[in-house]
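One chain, chain A, links the two complexes that follow: it is found with chain B in the first and with chain C in the second.
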Partner chain A sequence: MKEKEESMKANVSLETVYVPSEDIVIREIEGELIVVPLVSGIGDLEDELFTMNATGRAIMEKLDKKKSLKDVVNELSLLYKAPADEIEQDVVGFMEELLKRRMIVKVSRA
Partner chain B sequence: MLKSPGLKPLLFVKKGGELSLPGQELTRLLQAVLEKGASFRFRARGFSMFPFIKDGDVITVDSLSGGKPRLGDVLVYVNPRTRKIVVHRMIGKRRDCYIIKGDNTPDSDGIIPRENILGRVKRVEREGKRIFLGLGVERVIIALLIRAGILSPFFLPVVRITRVLKRKRVR
Partner chain C sequence: MMRKGSFYIKQRADRASLRKGSSPLLSNLDLELAERCNNNCIHCYINQPADDYNAKKRELKTEEIKAILEEAASLGCLKVRFTGGEPLLREDFEELYIFARKQGLKVPIFTNATLITPELASLFARIPPLEKVEITAYGMNRKSYEAVSRVPGSYDAAWEGINQLLERKVPFVVKFAILPPNRDEIKEFEAWAASLPWTDSFPTFSMFFDLRCHRDSEEKNRLIKRLRLTPEEGLAILTRRREKYIREMRQFCSKFMCQSGENLFSCGAGAGGGCVDAYGRLQPCLLLRHPAAIYDLKRGTLREAMEDFYPRMRKMKAKNPDYLARCARCFLKGLCEQCPAKSWMEHGSLDTPVDYLCEVAHAQARYLGLLKEGEKAWKVRNWKQRIKNFSMKEPIPQERSRVEARAC
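Our next item is the complex of A and B:
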């Protein structure tokens, strides 16, 4: 059972560069980051939309075609004054969630 | 792990309808979606397009990349004065501007510049069912009837009664 759950997880690598998918629209609305997925070419306000907390937003804003996920973790480590190896798990978990929902895509492997 | 629970990155899912967007924010979101070449689906509010679009109908809007607005098209535009989104019908053209009016409003919205037009309604859904009337070729006749001032006087009393009944139901 646990093996099945593991295989369902999106495979996130710290060496990979990720960027927001072309199939989403992100807008800041009243201080909140709103993500509208474009499903079959439709941005649907009647369907599921996504928001994230400040840390999630900080991660999303650092996905810029240049930084690997490891770079993002290091920057967050400085920002939140926490050891990189301690925040890595949370960042990877968050990225898995974004990847599973096709909100981010891989650019390349470093 | 980030020790403070507030620092853990979290993604929240919002179900459709939970998000109440002020007019200008809805405009920005709609523009951003249309700029990507996608359609935008949202719930229309108000009675100004009754009976072809009713309060609570879900409409799908396309960008105008497929061509210029045609007579009778239901257009989505930004009101130049209020900056709010309006969904009304094109009943005429004057140079690069359009004469637009709600099917059920006493007055025309005036002359709206081309740059204020965001898109065209391509689909209307009511309680899960697609509504075709008002968007096909009949839209030309509707536009001509509105221009002649024939349609609105007929529908306005119906809307007033509907509003009163809705208010009573809410109480």
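Our next item is the complex of A and C:
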């Protein structure tokens, strides 16, 4: 189990820039950030949508073409007044899942 | 900070609302892409011929539909259902479908399946509608199907379309229109529906058919009336799974049955949803096309309609003395399908009682023990007590109706 987690972590690099993929549509409806899959295979079920909570939303909103994941972690560390290594663990875990679901892609820094 | 896996909530698109807060101005929209249809079903309330030049010419242009889809999404709409007529008749269907999905909309589709090509099925597999495609079946064999659709070759075409979806694992559900040519095929249909991979409940049937929504053909209306099940026949079908029916009705009655009162719109029509017809006219629901309920989107916006026009419309009160004496005082609201749309289709007004629906509701109420033989629901004074007694009663009545026995 631990080995699997490590191998998944290897997919996410703090030096890399990630952005939302074109396989999803991100919508804000009545203050909620909702991710609507555009293509099949994003959700576990064919009709699944995703509503981001405040933390997920804060991370998603920082995914532009300019910031590496390390930049995102540092900004969130300041925002939440929490140690960067704690934030990093959370952010990396979240990014692994988004990457696995094809909700984000790697890009070159703008 | 939270741990992995707690950054979002996954929800089935067809289940509970994804939002915790207030509802958007527009939650869902029906879009009739065409009133034209390649079938010519004997009971249809809306269809125009597939090759009707004038109807096609009047239909919204591609860019006009895209503008409506964009505005719907901007108002918070999450679901736009493509319906018709037959929506797949439009040559720009794929373009509109992809455009709508790229707006972040779920796009369920109502279709007869006859025009589902391998390419279209592949598109649905790659870019899913996010809700099951809904297919209406008109018969379980060529003879009965085409006696309803009145188009030779439509049975084979429907099967071909269905097989395209099956091959590509595109989720769909099937509905059945119960009509004289196929009345003996209900069990066969149910067995087939149950065998489909995405069927998770009993299939739905349409049987209390609506008259022409544009009130455009007296002759067709006479035919539709002849095709309708009698209230007793309808009851027999509704109560085929007797225990399930009664269990569900106990819950339903305790929640939804009460007197309608003089307000015409006790339903959700025009509140957070609506239907755009093929020509750009917004209606409060799929069926209501009374001029007083129509808002022309070529002259105004969805926002204006939802913010101003429909809130005003929803305050309309019934004036017809017959309605006020019967429907307004009747406690079978919920059980009865009487509404402004049905009144419009049957009588051309918003507030005229529809006797056929009244009889269907009374037949159900008698079956459930809410009414005695010969009683009229609007004359019952102790209706609250009757609903309470029925909702709380545990044993299911043992006596089966003669109608049900006959149906079995």
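Assume the second predicted complex is superposed on the first by the 91 of 110 C-alpha atoms of A that agree within 3 Å, B and C clash if a C-alpha of one lies under 4 Å from a C-alpha of the other, contacts with A are read in each partner's own complex, and residues count from 1 in each chain.
Here is the rule we go by: a residue touches a chain if its C-beta (ideal position, glycine included) is under 8 Å from a C-beta of that chain, and two chains touch if they have at least 3 such contacts.
What you see is a predicted model, and the numbers here were worked out from it, not measured in a lab.
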Chain C versus chain B on the shared chain A, clash or fit after superposition: clash
Which superposed partner A:Ala84 touches (first chain B, second chain C, both, neither): neither
First, second, both or neither for A:Val105, with chain B first and chain C second: neither
Chain B versus chain C as contact partner of A:Val19, first or second or both or neither: neither
First, second, both or neither for A:Pro37, with chain B first and chain C second: second
Partner chain(s) touched by A:Glu97 [first = chain B, second = chain C, both, neither]: both
Chain B/chain C common contact set on chain A: 25, 27, 29-30, 34, 36, 38, 43-53, 55-56, 59, 80, 82, 86-87, 90, 93-94, 97
Chain A to chain C touching residues, read off their complex: 25-27, 29-32, 34-40, 43-53, 55-56, 59, 76, 80, 82, 86-87, 90, 93-94, 96-97
Chain B contact footprint on chain A (complex, rising order): 22, 25, 27, 29-30, 34, 36, 38, 41-53, 55-56, 58-59, 80, 82, 86-87, 89-91, 93-94, 97-98, 101
Chain C - residues contacting chain A, complex: 1-14, 18-24, 73, 76, 78, 101-106, 125-128, 130-132, 171
Chain A partner contacts - residues on chain B that touch it in the complex: 1-3, 6-17, 19, 21-22, 25, 28-29, 32-33, 36-43, 58, 60
